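Before anything else, here is the set of structures, which you'll find just below.
Both of the next two complexes hold chain A, though its partner changes from chain B to chain C.
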Partner chain A sequence: MSEAPRSEYRGQIHQQQKDLMLRWYERLEESARTGNPPSVELMISGNSIELLEGFGAVPLYPEVNALQLAIRHLSLDPILAAEELGYAADNCAYVKADIGALIRGITPAGTPLPKPALVLCNFVGCNTYVKWFEHAAEFQGVPLAMLDVPFLRTPEPRAEDVDYVVRQLHEIVCQLEQITGRRFDMDRFREAVRCSARVEEAWSRIKHLARRTPSPFDAYFDAITLMGPLYVYRGSPEGVAFFELALKEMEEKAARGEGIYDQEKFRVVLEGPPPYPFFRSFRDMFASWKATAVASTYSTVGGLWEFGFRHDPSRPFESVALHMLAHNVTNRNYLQRYEQIRRYVEEWDADGIVIHFVKSCRLFSAGQGDMRDYFTRQLGVPTLYIESDLEDPRYFSEAQIKNRMDAFFEALEHSRSTGTLRRGAAALRQPAAGAGSAPGAGERLNILP
Partner chain B sequence: MRLAAGVDVGSTQTKAVIVGDNGGLRMLGRALVDTGANVQRAAENGFLAACQQAGVSPQDVGYVVGTGYGRYKITFGNSQMTEISCHARGAHHLFPSTRTVIDMGGQDSKAISVGAEGEVLDFVMNDKCAAGTGRFLANAAEVLGIGLDEIGPLSLAARHPVKITTVCTVFVESDILSYLAQGKKPEDVLAGVHLAIARRTISLARRVPIEQAIVMTGGVSRNVGMVRALEQVLGTKLEVGSDAHFAGAIGAALFAIEKMGESFESGIWRPADAAPAG
Partner chain C sequence: MPAATENLIERCREIVEDLQMGEVRRWKEQNPGAAAIGYFPVYAPMELIHASGFLPVGLNGAGDRLDLQYADARFGSFICSIVKTTLEMGLTGYLDPLDGLLFSGICDSARNLAFVFQRNFPQKYVDFLHLPQNPSSSASAGFLKAEYLRLAAQLEKLGGRKLADDALRASIAAYNENRALLGDLYALRASNPHQVRTSDLYLLQRAGNFLPVETHNEWLSRALADIADRQAKPRDSVRIVIEGSFCEQPPLDLIRLVEDAGCYVLDDDFLLGRRWFTEDVPAGDDPLGALAESYLDRSVYSSVRHDFRHRRHKLLVEKARRLGADAVLFLIAKFCEPAYFDYVLFKRELEAAQIPHLLLEFEEKAFTFDRLRIEVETFVESLLFD
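So, the complex of A and B:
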């Protein structure tokens, strides 16, 4: 078999991304050594990085550490260490990798990670995180704050929900002032919110460039590369400079008509996180078919901005609350996720959908079988469903996944050869009246701005 | 006459088929060999045996499509396709009204929704677990000390099939031993085993639309007990031809004819030993 064509974009931003992430680990190391800057452990989903900027604190993201371990093929040892402690085989593998790494003193870059000043569980969407962060606080012997963000159950968050989250943010500010001995800098916080809005604008415009044919970047694999800076530096001038450069480079690439491959063959939407221990092999499976991910839900875990939401410096606390409540994929209900994917297929001109089910993540994955049925049976969009894990290498079978991917693209290729493959809006069949349950109720799903 | 071959290197057995195109398509020869540890050798042996049965020289075969898990190990093959595409194509060739294929092999089982031209519309497969596959049956046969070829016919003699609750290929052994200890008859135990797999397979298959005609392919299609159990669970008849076991190789050979087009090139055959290094 010939080698899969290399597909990732390597411009200035590639090196800058590496430098930024390296600098983040250096700041964490400095925090570990001197306690300055203070660090706060946060979860990625709907993260409130802007709040930390008001304290000059550095974020510590256990998910980023876990996935870095997995990409470097270091995740199995900590997972086994956690299982020896009694964590079950089907517990979230991110949790096990993080807890196991804490116990064993394993860090992704080999440099020490700080003991956080506070473990802040911004409980957005994932209830496993409540226990994860409780355990992380317990194992590290540091205080824990629970930020309870109500699950989004109405098209827009209710005013009382926003108020509820804002009040908690105020409480956390007081708590962090006490713990760190630093005064919260409201101007710096507002500036961070302003930076976030600029980063979100650039990021959103990059994502919209993927609507072009060919797409100048891969909205799954390349997006993951950009997600590190997005979560660590969003509220900072470095973040603004990085994302505005990224936008410029992507716009230039788009203007030259350059895609990911010499010739883009297929355009797909991806649902679910990648199998990080086999990230390269997974990417090559798409590359061998010259398939570009033009949109992905995973890249909206930290925030969903391509449909218009931006942080607002004129009401900083409210916009942080709104971001946590409504503008990240994990805190939204399933029907909203269906609608998000449907819009991607239609507006980003996709040929099909690939769903990657994560065995150790019930929250993100439960219901994906129904999701597949909805898209294949009701909307007529070719949808592939594959299973492995985002962190635990034991769940990944390369031969099996490649077989399914090849079969999926063989079928798409055949449809194209017979003129029956439809793309974008043409790929979507209108659901028959009364067909299926809630997903067919288009008007109820029409809730994105 | 233009000649093409399909070689389906499965986890347990390798199937090879030679198809001739002389205005109309004809299957000229077929062969079945155990895959064993040397996948490359199995592919070669299967191909040569099929050529011999067809009475053609390997040099005269113009195009070979490899399929199955070992498809990338076929050194003399021209191209590869997944067994999902090949089983759909092969089943459609054997039964043109095919709309659903249930393929049960040694280590995987799959259900394929097939279009009017034999194209794949949708498919589902078992995932990283041998439950619902030939391996499950082989384990049961081993525990009972009965030959794999005999378990199907024997299960048909059951009068009171037992209820096997596990679908785990490993744990089924303890279930079987427990029933035997209770004095249950081997045929009743075997009928329970076949039904357990049938339920598992059909629940998988229901994730693609099951439409008539439903064709069973793969090595397990030779097991009459399994065919009966699947029909019982589905409540409808399955189409199982004498070539069902070869559906993947037949599909591969048909793709080979298509890919060969007009550019017939003789003498592609070169055994692995003679292949230049690298």
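So, the complex of A and C:
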């Protein structure tokens, strides 16, 4: 293939995003120097940033730090340092990079990071989070609190689930009051929830713009750029201003009929996190085929809003609980993820699915072969399966991935030339009798009785 | 050891190695209409399944007795064996005697497995329990009780008895007895390790996966009486505690190898799900509540249960000291992420306490143990002669 065309979107928001993230690191540095604002370590998945706003606390997201290290090609050293401590080759490399960086005193921006007032383990789906935060608290010598969020094992969260999370949120508020010596500001909390709802509305509308052909942005690579502000600023007026501007720019782009290439050739759904150490080359592989990700599961780790959920200022605690329980990809069960992807193919008009198996992350990857079986054998959707890692540069074989990617898009191109490539709803076939062993082939998955 | 016990252990070995689950099939013939419910490790409320009139069946993978034809493609690289062999058993019909399968959130692989089962076996009842990981919250016990009630309602739909306090109290008593008997065997081994072979204890215990608890209790009582009377000579051995095998099980040959290489096993975490309470569950006025509280306050630590009030790495060191162990042997399943994460803090704590340790990795399917044997022997020698 020829040189990959430049594909990322650059508008005003590109610079604003950089400024916002830089300001976040400045606040963290300030917290490191003076203890003010206090910082709280938190996980991205279904994060409860709104609660922190109620204390004027700044979030410390170790995942963001880990991915920044990887993008800047700084992750291998800390990973090796962690392995010296006894971490296994196969443990999640996000954790290894974070703990290794902690021990070596490496930070992504070079500026100091604070010792958090509290390591708040919001256990939203990923079991590795619990280990990670236990270790983070241990190695930093700071208090650790658990916020246990029941996994979504029924189609909707149960009243008991919501109650359990709400009561823990109340307990954490008390704990944070004691630790920080600050009173929880209920008005500010409610205001944060209101801001979140507005950000979520704008973000969701941006995502729905990708249903158009051509899509004005890439819902995997460009979405990742927007995800930083989504997690750090969601509950604040800065976040609202940023996302409303982003929506405006994207709407204008869509109105002009601009895609991310001169001509959009393929539309895919992406499943799995990106290979951050090779972010650029990975993106270029899609660009060289003029393939746009019109939807992605990774961009719903922190929250799944495109299907309608919004925080609700009239029930702030409950809506924070609901967000953690049911409206992010990590706490939804595996079949609900199949269903999410199926809807993307159908409603976002995709030609196929790219499953990126990530060695580090069993939450995403354990069972992706079965997922592939569901989509290819049962629904007849073209699916590409590739393997690497999100943090560890030792697990990326550029040539191999490129070969597979080329073969996949060549096959799609061939089907298109013979008129057999179907898109969106038409891509989901009603399977032949006997195909697949699953319930009601071709139909929606019946998640639980 | 009297021949009767030798025979009993031999019988246990047959049961454990019978992939067809003959014992379960037999039980179902004798109890028409009653269901057998398989449970994945570690913390399954067997009492509840039993109280509904069903047979709880412990799943521990297929060992080296099954080739993977399908499950590898479904689960791919970097996933432990038990996840794959359990799925393979399902896809090749070995789980047919089971009407339902119960999982809980011990790790991300096992959790996704539950839902892969749900898709591939729509005719079976497949459920997933969320066991609370925040025992410090005032809401945890109530939550877990509600979760157990949800399970009870599902079992009732499957034709089980409606959950009644009396039945649950009886089941709790039966399992308390089961754990007490196993506890006695474990205590006997800790005080007289030359009298109780770990591989025998292991088989006696694991056969319980497929037997009604009442039968298992009988067998254990018999074995306990015999083994207590057994005469055997102590030998020069290193006294160890085994950690890390709470879910996927090491091959029996590996357990034997560790003993033969000169280790006395004072405690282990094999088949942890058979003895996951540290004390009896009190079966008072509110047996279901007691069951829930017991998970929070009386359950044994492992790498897949989190209770930040009592840190696991401290508990391991305490245990090793209490039993007078010379060393800790980590037997960790390949790709078992929770065990490997915990190893980091365990290691740090053991080093601080100056307790030596050895880490060995295993897979269900291992044909040669030469390398492992050399490692254990070298370790034993270094401890005996240093």
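One rule holds in what follows: the second predicted complex is superposed on the first by the 428 of 449 C-alpha atoms of A that agree within 3 Å, B and C clash if a C-alpha of one lies under 4 Å from a C-alpha of the other, contacts with A are read in each partner's own complex, and residues count from 1 in each chain.
Everything that follows uses one rule, which is that a contact is a pair of C-beta atoms (placed from the backbone, for glycine too) under 8 Å apart; a residue touches a chain by one contact, two chains touch by 3 or more.
Quantities reported herein were computed from a predicted structural model and do not represent experimental measurements.
In the superposition on chain A, A:Phe123 makes contact with chain C only, while chain B stays out of contact range. In the superposed model, A:Arg153 makes contact with chain C only, not with chain B. In the superposition on chain A, A:Glu387 makes contact with both chain B and chain C. Using the contact criterion defined above for the overlaid structures, shared-chain residue A:Cys92 touches chain C, although it does not reach chain B. Of the two partner chains, both chain B and chain C are touched by A:Gly369.
With both structures placed on the common chain, the touch criterion links A:Thr418 to chain B but leaves chain C unconnected.
Once the two structures are superposed, chain B and chain C can be ranked by residues of chain A touched, with C on top. 369, 373, 387 are the residues of chain A that lie in the contact sets of both chain B and chain C, per the superposition on chain A. Within the complex formed with chain B, the residues of chain A that make contact are 1, 369, 372-373, 376-377, 382, 385, 387, 395, 397, 399-400, 403-404, 406-407, 410-411, 414-415, 418. By the touch criterion given at the top, residues 69, 72, 80-85, 108, 117, 119-125, 127-128, 207, 209 of chain B touch chain A in their complex. Contact residues of chain A toward chain C in the complex are 85-88, 90-92, 95, 123, 126-128, 130-131, 134-135, 138, 144, 146-148, 150-151, 153, 158, 160-161, 163-164, 167-168, 171, 333-335, 338, 357, 359, 361-363, 365-370, 373-374, 387, 437-439, 445-449. Taken together, the chain C residues at the contact with chain A in this complex read 72-79, 83, 105-109, 111-116, 118-120, 122, 125, 127-130, 132-134, 136-140, 142-143, 146-147, 150, 154, 157, 304, 306, 308, 335, 337-338, 340-345, 347-348.
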